[in-house]
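Here's a structure for you.
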């Protein structure tokens, strides 16, 4: 029984992990390459979820909705980069925090104006609505497995792209030395716009998929954003590998703490008290994890050493 | 060269103080007495912004989690009051209290201890990492507070009474306003003095060039930590006042948007000037209030305004009022 | 002979596989002006970083003024009397000239948990600060903003800040970098006047200045000291001529 719960929640944790990775990959690239703290990254996640829901309903196909939402959000991302973010590259982190804080306000309110304050629901495609019996007696939703598979595939694809393609080479050059990359003839402006669009698209993919598991509502971007920050800090800023490791770690720790802590605490105290203590403790587990990692390595697991 | 701006600075300060003193009678005369409570909340947020400027403007530490200290201060007052009403004892044989002379210093102590812990770990890092770690710590406290089922969980605690302070009737908005003003002016005066003291010099030196400070022989970490703790204590006091002003303490006080607002106040008013953040708090809250009167969707206007603020020059309102000046 | 003020033994620093400092043994005698020269990339900056404490050595020892300082933090070494100037001018730009030096004095005047009295009006700090400014010839500029100084003046201010704590030793990282001939001559005169009074380790590219000023010269090539001795000795050392002065000699 406990083993089954463990497997099921482990898979849920991995699934949160890949969602976080899709967010963190974009964020860590923007941090690492452009040196910009981008708070409104969560807005792209939210917009991705809303567009997937609306377009999916319009065309009566979740997959089509998601497929349309991703490029649309990437486009929105590029426009945002072109209008606002581009002016922040040479600014200090404080300006970046303020400006992107303003962007969050704008996006949240604008989404609220368009879609209303009530959460909307996004259903997974019917073809994936069933369950799979993973081990005897453990039925796991197909769609959650699909999210997991998609996330891991994208992670692998990103890794290959960064290591083996010309774009990846430029990204690495841009990350290590902006001036040098410029001197080598890399179009830095264009590159940055593209990276930003890519990050926004990945966030939209994450939002469109996560929207089926959670509800789609204003503010959903911020809760994932702060977890994503934790991932990026744990993994080390600018490192895709760090983002993957950090995301899986955070996903697992968060999910397992939420489900296993009450079980563990009930063994030692009254059930109602155990649930309340566990709820409090488990919601802070990832922050404790981050603090432990940073106490050990102030630059994160895969961060550049000074 | 030094005298003209100096004169202008003192004149501006005097005018601002007179204005602040005149707020309650003017509002009352205009029949807008309802706004005195709002004005007190503005002063309280100004105190919180001032505490943030101590670490951010003077010390160059961009804390994105100062709302946590605000919340801790508020919760100390809230929990103290809850136990007076409920009669249940607190741990360590303590009883609930509504005495301001006990509860407010305790709020400062609790916030200061939290700042000591948070600062000790966060200050091992700098730059982006520091911003994000302070944010993460604040989120952690936010969720912890939400998990306090005894104290209302996510809904928080409603205060049955405001704190008691020897003979003063704090439930009277005007009295409470002047008390807040008195505390704000006192803290501001002390911090202005502190900024040119040896301690203040070290903080500003760290902001300009920490590496150089170490090479000069300063163990910078302990000074930064001391400033962080002092700042946390002041913010805790603001939190205690805030709980009194809204007669309420809830996790929402610690939300990261609140921390962001404090950052905005500091930058809007003029970072590092101490006076500026006070003006910034006034400006932002008045702006929010008037936009909210205008439309329910006021954030759709405020958001782009913040982007513009971040992209425009950095001297802030106070820099604009006092005019150009030289080095300290 | 007395023990040198600063000496290192077997000092090693690696970056990944690259050896930046290789078994460096360096001895700076009290009262000497000791120059450290070497071609670009010889590891001078790394060695300065190791001596000042900004980098940690992978092996070896650093002794300063009777203490083993190998594992001490930057600020502890500074407190022991090791003052440095930076290659890239590193002053506090938002401070006045005087406040810059006051801060340097303050670093050596006990702890700074003093919250009330304005530092720039504290005679205990201002006195030594003015003396240091006077020494480098910047006293009449004391009320100017540091940001308003010319490049040469900023280098002078750097030196005043290094002098302000009455250090046992000055670690000067290219004090003449980027200076015009006139400012350069003034700096040489200033260093000449400090010579004998302070122990100085000077890293400098200007060979005329080095050979004019130094009591001792150490030559660093590929992270290793290949020769150490008087200017005359270095001038004629065949290995130095081959490895460093090279074809142009």
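Per-chain residue numbering starts at 1, and chain names A, B and C are given in the order in which the chains are listed.
The criterion applied here is as follows: contacts are C-beta pairs under 8 Å (C-beta built on N, C-alpha and C of every residue); 3 or more make two chains touch, one makes a residue touch a chain.
The structure displayed is predicted, hence computed values, not measured ones.
**Q** Between subunit A and subunit C, how many steps is the shortest route if every step has to go to a touching chain?
**A** Counted as steps through touching chains, the separation is 2.
**Q** Using only Cα atoms to place each chain's centre, name the chain farthest from subunit A.
**A** With centres defined by C-alpha atoms, farthest from subunit A sits C.
**Q** Using the mean of all protein Cα atoms as the middle point, what chain has its own Cα mean nearest that point?
**A** So the chain sitting closest to the middle is B.
**Q** Express in whole angstrom the distance between the two chain centres, defined as the mean CA positions of subunit A and subunit C.
**A** One centre to the other, that is 48 Å.
**Q** Subunit B to subunit C: how many Å between their CA centres?
**A** 43
**Q** Go ahead and note the Å separation of the Cα centroids belonging to subunit A and subunit B.
**A** That pair's centroid distance is 32 Å.
**Q** State the interface residues of subunit B toward subunit C in the complex, per the touch definition above.
**A** Touching subunit C: residues 193-194, 196-202, 204-205, 208-209, 211-220, 223, 226, 326-328 of subunit B.
**Q** Taking the complex as given, what residues does subunit A use to touch subunit B?
**A** Going by the criterion above, the answer is residues 31, 37, 84, 87-88, 91, 93-99, 101-110, 112-113, 222, 226, 229-230, 232-233, 237, 276-277, 279-281, 283-284, 287-288, 290-291, 294-295, 298-300.
**Q** Residue numbers of subunit B touching subunit A in their complex, please.
**A** Spelled out, the residues of subunit B in touch with subunit A are 56, 62, 64, 121, 124-125, 127-129, 131-133, 135-137, 139-140, 143-144, 146-149, 256, 260, 263-264, 267, 271, 297-300, 302-307, 309-311, 314.
**Q** Quick check: in the complex, which residue numbers of subunit C touch subunit B?
**A** Going through subunit C, the ones touching subunit B are 52, 54, 73-76, 78-79, 83-84, 86, 90-96, 99, 102-104, 106-108, 112-120, 122, 125, 144-147, 161, 165.
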